[in-house]
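These are the structures, in structure tokens.
There are two complexes below, and they share subunit A, which is joined by subunit B in the first and by subunit C in the second.
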Partner chain A sequence: MGNQENISFAVNGLQAICRKGLTLEDYLVGAELEPHKVLVEINGQILRAEAFGTYELNAGDQVEIIHFVGGG
Partner chain B sequence: MPTPLQAGLSRYWSPEQLSRLAAVRVGVAGAGGLGSNCAMLLVRSGVRAFTLADFDRVEASNLNRQFYFSGDIGQSKVEALGRNLRLIDAELELRLLERRLAAEDLPALYADCPVVVEALDRAEYKAMFCNAMLRAGKFLVSASGLGGIGGLSEQSGRPAMRARRLGPNFVCVGDFSTESNAANPPLAPRVVQAAAMQADLVLDYILNHSAR
Partner chain C sequence: MTVNGDPFVIGGKTLSSRLFIGTGKYGDDALIPQIAASSGSEVITVALRRVDLSNNKGNVLRQIPENLQLLPNTSGARNAEEAVRLARLARAAGVGDWIKIEVISDTRHLLPDGHETAKATEILAKEGFVVLPYVNADLYVARDLVNAGAAAVMPLGAPIGSNRGLAAREMIGILLEEIELPIIVDAGIGRPSQACEAMEMGAAACLVNTAIATAKDPVRMGAAFGEAVRSGRNAYLAGLGRVLAQGAEASSPEAGALTGFLRK
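The block that comes next holds the complex of A and B.
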């Protein structure tokens, strides 16, 4: 308790908090977003889907997530 | 001799604008409610070269919103779409791909399309397509959330459609929440609204933002 550092970042313009070292994939799963249905931008750049499991969120990251819904 | 559409468009576009529109091949993935209508709107606006892909055939349940007619039922969507588009302009340059799209094939299939429209139906296909096309350096216009009715009425609780940009080369339109399903079926007004937003973004990119 208390020895784990938390960081603050933004998802779709809203503040979010997680423990340091959390990967984007961990975040998506925790937020009940399906990694195979999203497109993610971090700090202005699209993050490749292959990098979801290795990208560790940083304090101040500006994350934009589109979670696609079906229909065309 | 210009086609009637080309002659008519010269009232609205300059020769330079017409030649810019004619010089770009637009890729469209999916020829359903989004893709068939987006292609139709782009043809009417002066785009003349397309690569159109869909594995499906026209069904009666498509006629409520897609750019097909009762005589097209049972036919390949891309074949029927090509024929219907040529009723607007007989001299289009169309590459028709009657096939499913796999991520590894996409860069080659759309190699000569600097602009690509994501018009697929399932969420995971949309994400797969967008991730693959952005890696290939395309300008990509996608859509998410277009089921049901009532996006313009405050009582509906449904968000209005808008456009979201991610990165320098990607725009997605839609309300971002209303999946097409039994409760919110895909109906012409909002499906065509999304397709029209996609077409407008493509035109704006070709005429105002692509390299000359």
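The block that comes next holds the complex of A and C.
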């Protein structure tokens, strides 16, 4: 009981929902993103890749998932 | 290989090519390694963007050969604060500490904001970044960048992506005269001859993206730019011959001309 509680947060400006306790790494894998190929900011702070597996998403988190693209 | 023992040292790296290339506007990113090879370039720019969660096309880094120095840019930044944020993100990715500062808030001409660029340069240089700021060819802005700790100054030749060449030729010439830092002409160069001219004038390097990416054969155009930049550098080092203000001067000696002898 309580394990199924869902939380709402934002990813790249869009609303998202996940179960409480989900780590960022689990979220990335679920979104079919390779964790070592993206950069993540949470609430304006860079989250180091080493912390992806331990960071549990919180209600109201503003998550930015960024990667390198072609540019000049 | 260096041009006549003329390596380009910047950010603690010794480069043998003075052509920097970009990775934007390629229909197929698989061209990127071929262009890196054909151009001989050792420095390549990339940008940072939000992942499109509904249509993730993957990371451009997988197409970039490992021996190239990555130069992430801060495109998309509209002020110094946003540029600093992007620079720190790029460094967190573990791709080194080179950063091209690009701050643009004008959406029509896409001209860089020198004031905000200098502010970002000062912050990032203090944090140990190798800062390569992209600016208008403006002497006062360039001096601010020197004082802010930039590793080079990167004036535009013409508005970004325009392929209109060295529209700012005269102002770039002033920077070359007055600024001690390497001047890297970035943006607007459309033809290899224009890159060659910038190098003849004394530019330390050129950054070319659109002219290569929009060519019919980008791989061959990469080679053409590589050769043009080398040629222009050699011409600069050789010292251009003098120009006559008027008249002409035969290249062959007058003395002993057979036709004159026969006419007598």
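Just a few scattered comments:
Going forward, the second predicted complex is superposed on the first by the 63 of 72 C-alpha atoms of A that agree within 3 Å, B and C clash if a C-alpha of one lies under 4 Å from a C-alpha of the other, contacts with A are read in each partner's own complex, and residues count from 1 in each chain.
Basically, contacts are C-beta pairs under 8 Å (C-beta built on N, C-alpha and C of every residue); 3 or more make two chains touch, one makes a residue touch a chain.
Please read these numbers as outputs of a predicted model, since none were measured by experiment.
By the touch criterion defined above, A:Phe68 reaches both subunit B and subunit C. Residue contacts after overlaying the shared chain place A:Asn58 against neither subunit B nor subunit C. In the overlay built on the shared chain, the residue A:Glu41 is in contact with subunit B and with subunit C. Contacts of A:Asn6 after superposition on the shared chain: neither subunit B nor subunit C is touched. Contacts of A:Glu32 after superposition: subunit C is touched, whereas subunit B is not reached.
When both complexes are aligned on chain A by C-alpha atoms, subunit A residues 37-39, 41, 46, 48, 64, 66-72 touch subunit B in the first and subunit C in the second. Residues 11-14, 31-33, 37-39, 41, 46, 48, 64-72 of subunit A touch subunit C in their complex. Looking at the complex, you find that subunit C touches subunit A at residues 22-26, 29, 32, 45-51, 53, 56, 59-61, 72-73, 75, 88-90, 92-93, 95, 160-161, 187, 207, 209-210.
Within the complex, the subunit A residues that touch subunit B are 34, 36-41, 44-46, 48-49, 64, 66-72. Of all the residues in subunit B, the ones that touch subunit A in their complex are 30, 32-35, 119-124, 126-128, 130-131, 134-135, 142-147, 164, 166-168, 170, 172, 176-181, 186, 191.
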